[in-house]
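There are structures below to look over.
Next, two complexes with chain A in common: one pairs it with chain B, the other with chain C.
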Partner chain A sequence: MTDTSMSSVDTSPVDASSVNTSRRNLLKGGAAAAVVTLAPGITLRTVEAAITGPATSAKRWGMLIDATAPEGVWDLAVDACKAEQGWGKAEKDANPTTDPQWIRKVSIKDPKTGAKASLPVMCQHCANPPCVDVCPTGASMKREDGIVLVDKHICIGCRYCMMACPYSCRSFVHEDVRGQKPHMPRGKGTVESCTMCVHRVDKGQKPACVEALNKAGSNAIMFGDLNDPNSDISRAVSQYVTQRIRADLGVEPGVHYRGI
Partner chain B sequence: MRSASRFLSLTILGFAIVSFGIGSGLFAPSAQAGEVPVPKLAKAFKGEQCVEPNDVMRRNHMEFLKHQRDETLREGIRGQKYSLNDCIDCHAVKSPDVAGGKVRTLKPFCAECHSYAAVSIDCFQCHTGAAVPGIGKQSALPADHGMSAKEKALFATVEKHLSKGADQ
Partner chain C sequence: MAADTTVYKEIEGKGGDYYSLVGWLGVMIAAGLGSVYYMEHHGHIVTGMTNAVVWGTPHVFAVFLIVAASGALNVASISSVFGKYHYKPLARLSAITALALLAGGLMVLVLDLGRPDRLIVAMTEYNFKSIFAWNIYLYTGFFVIVLAYLWMMMERRMVPHSKKVGLFAFVWRLALTTGTGSIFGFLVARPGYDAAIMAPMFIALSFAFGLAFFIILVSVIYRSSGRPLGDLILFKMRNLLGVFIAAALYFTVAQHLTNLYAAEHMDVEAFILMDGGIYTFLFWVVQIGLGSLFPLALLFNPATGRSCQGIVVASLLVIIGGLAQMYVIIIGGQAFPMSMFPGMEVSSSFFDGVVHSYAPSLWEVLLGLSGVATTVLIIAVAVKYLPLLPTSLSDAKVDPHHAAKDA
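And then the complex of A and B:
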């Protein structure tokens, strides 16, 4: 979490030698609020980091995926997930049978009518997650706000959760991992899956896939609080007929779909 | 016969006490020739004072990190005092052993004591030890999301200025 903000920046060219402060003066303030003038018109403000959380059951994070959106947008979502979380390999190094897949594009076709659709499938963040039920160590867990995670600190890599997941949305890391993101530690011998970008959600941001689609002008994945009747996603869910994959299982996924 | 065996057991006990004392450094605080050298900790890259006094950190850092990791991951409490990313922010150093000395990483700082004490940790099998600008409370600089090239160049200059001399 970044505890600093730039209050103003002069866009005129700045001579680096005019930066006049001492590292000690800037840092000895510690967590207390401080404003430091770096150059005329440029100030750097440090503020105490706010403690956020804990996550509560007042919120229920969920997604609404519009499967009628143009097929190309799902590649954007997958690429954004790879870039944000640091999984996925170059095509020449890829091994599709064992490489982790946090989100995948699935194409479906009705054999009777020939109707086709394409949709992304990732961890469905179930309210009654089978992966949590079967985990022998308690590593597979659900946060109060409905986000299902793997606590890799205590995951022993038994892969029972992968067998229990009706959506095949968990992956095992078979190979050594390098160059992990600071917010997303990943390592060989543990199971992983979509985290609904929990590190971003806790900062009040949207998941990376949603943001990437929004930037491309698409609203094909909506993210929000299903418990808040005034949220965009709650309105959309009440307006359109949506469904959840394998709703008959009673696992109550947090991911809703339209148009399948 | 009985007194002889009692003498023997007392002697063994005495040996045990003495060897425990040596092993725990009570009697031999400084390294002798041929022994493993006592760790010399690198000065922090940034910051003047750690989140707790040095002796507290040396003894309890693992407890702090372990407690907070559970609160962060399982309960979603963020922004608390102890954070591995903050450790990295201040204590990561450049070492020729890691990535040819091109990146600051925490691994050499941790290894300094852990190799001496024969402690094997596996934090860095999953966590990157590499410093990332903008991550950590002492950065005093925002993450570079959404900054223009000109702003990035300005902040790179500022960061260079702030960290002047810290590598030495």
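And then the complex of A and C:
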């Protein structure tokens, strides 16, 4: 985490019993790290335990996206993600081909009928993720609860996961990053993507995009545990026929769509 | 098999030509390392690579060199494994060339990483489902096995065992090139890849690229060091190169015909074969025309096929065609957009649904060329300090029973 410069500090209390020294286990185990800069070059690392306990396969976090929702809501979701995770730049500084995009609004049109739709695309958190299969070091990984992440500490920047992702949902950090968030260290030369706001989920909160839409009175992205038959998302996916992008590939995305 | 009476001797390597070659290679390597520093300091934003074309010119050079490495070992394999004694005098050079090509290719690959400083991570953390992780073992294993093979060929006491190690090295090199081809073959989502034929096709390509490089190397070294190089061995390699070019063409034809048969792959085939601009040009003009058909004509035309210059030019064209083929496969395969919503028109701020543009940066080209320079430098130093080269490759030395007639 030496690359991390912090603008704010998370000072939540630390549960000493849950401190896990392995960084990888830390991410896998559902704990969030906080880094406090005491002085230039001196940092204090603390580990914040997940309120929801360690990640287990009993849960399968997923999303249901309503592609019939008004197009404008997707901009809200993208902006919320940028603000939460610290990516994205002012338009005047933008390098469109190299700037990371963790979530994007995709417009589709049927050329035969003229029918249009607009929907957000982010990491689809596949059950059989090709990015995890191809990663030589295991930096690309899937938590027990289905969230697919990149361990920035062992990512060597080979970009094979970007070649493998069927959804172009991964970005390579092409230049120095600024405005990083304490919960989301980013690093030039490594790959990153949507984390399903794992730092929030582990505290029992919803991902930032979902919350932003809820605040605006929209339920266009539903988040929850697909393994829990009583969750709203489980009820919804059992009520409507949903689609998953490139379902033919058999990668079993955790993100479902309606209305495409 | 005739007893090996070949005399191996280091080249003198004292002339101005030798030192100016080493000097130029040093400059090229320094330029490549300078580029790496620049790229790592500023990030990959200074390259032509983007979030859509994530592998660029360094990968074209790296994959070409790695593929050629396994092919360069063939001359040794043909003598040890298949018992063709004509090739035996060149077996040592074949092994060192294979090692040097692999070293050059891996250097480029590693130095292009986003975090080359984490090489130790790549050596200590493995995901064995990844063909990349397998390749790390295949590449390092290749170094160990070929070094052992080289030592056994050079150490008189071990010569009787060299055949067994040669067989092992041959099997290993087939696995290695399978691994390299599978990097692309295993990419299930990209229409330009995702094909089992990538693995055998890369093996055929390796035969052609490696031998083409080797023919040029032998011709240049023997001409510059004033040692005799007879037509017999040269013409044998010429015939072999012709067969390898034809084999590479065969796989290329099979790959595209299979894709053309499947409606879902029509778009990507139309892109590569008809509407792809630079990729279409590189495919038809450079890879197929200049890099395959023209060399075949040169090799088997009596006027050019019987001259060292004609064979060297044909070999050079095979290399140029091979680099073009790598460019078409690696960059063309990424430039064509992935089909997230088949049958739909797709657009987004992340360039979904459009052909991705890519222009190589100077830094990438310098890094790629430094890999080639590293390869040549390793060979230049090795032949000066190790007895790798026969003092003569005249027809009588290559084949004591040779009646002065053409192959």
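In this section, the second predicted complex is superposed on the first by the 208 of 260 C-alpha atoms of A that agree within 3 Å, B and C clash if a C-alpha of one lies under 4 Å from a C-alpha of the other, contacts with A are read in each partner's own complex, and residues count from 1 in each chain.
In the analysis below, a residue touches a chain if its C-beta (ideal position, glycine included) is under 8 Å from a C-beta of that chain, and two chains touch if they have at least 3 such contacts.
All of these numbers come straight from a predicted model, not from anything done at the bench.
K.L.:
In the overlay, answer first, second, both or neither for which of chain B and chain C A:Gln180 touches.
P.N.:
A:Gln180 contacts chain B only, not chain C.
K.L.:
Regarding the shared-chain residue A:Met162, is it in contact with chain B (first), chain C (second), both, or neither?
P.N.:
A:Met162 contacts chain C only, not chain B.
K.L.:
Under the stated touch criterion, which partner chain does A:Val198 make contact with: chain B (first), chain C (second), both, or neither?
P.N.:
first
K.L.:
With both complexes superposed on chain A, which partner does A:Ile245 reach: first (chain B), second (chain C), both or neither?
P.N.:
It touches chain C, and chain B stays clear.
K.L.:
Scan A:Lys188 for contacts with chain B and chain C and give back first, second, both or neither.
P.N.:
Both: A:Lys188 reaches chain B and chain C.
K.L.:
For A:Glu144, select first, second, both or neither according to whether it touches chain B, chain C, the two together, or no partner.
P.N.:
Once the two structures are laid over each other on A, A:Glu144 reaches chain B alone.
K.L.:
Name the contact category of A:Thr52: first (chain B only), second (chain C only), both, or neither.
P.N.:
Touch partner of A:Thr52: chain B, not chain C.
K.L.:
Taking the contacts chain A makes with chain B in one complex and with chain C in the other, which residues are shared?
P.N.:
187-188, 190
K.L.:
Quick check on the complex: what are the chain C residues that touch chain A?
P.N.:
40, 42-45, 50-52, 54-55, 113-116, 118-119, 121-122, 125-127, 129-133, 135-136, 183, 186-190, 334, 338, 340-341, 343-352, 357
K.L.:
Going by the contact rule set out above, which residues of chain B touch chain A in the complex?
P.N.:
The touching residues are 46-49, 69-71, 73-80, 85, 88, 125-128, 132, 134-135, 137-143, 150-151, 154, 157-158, 161-164.
K.L.:
Touching chain B in the complex: which residues of chain A?
P.N.:
Its residues touching chain B are 1-6, 9, 11, 14, 16, 19, 23-24, 26-28, 30-31, 38, 42, 44, 46, 49-55, 141, 143-145, 149, 151-153, 177, 179-182, 185-188, 190, 198, 202-203.
K.L.:
Which residues of chain A touch chain C once you look at their complex with the stated criterion?
P.N.:
95-101, 104-111, 121, 130, 132-139, 154-160, 162-168, 170-176, 187-191, 245-246, 249, 260
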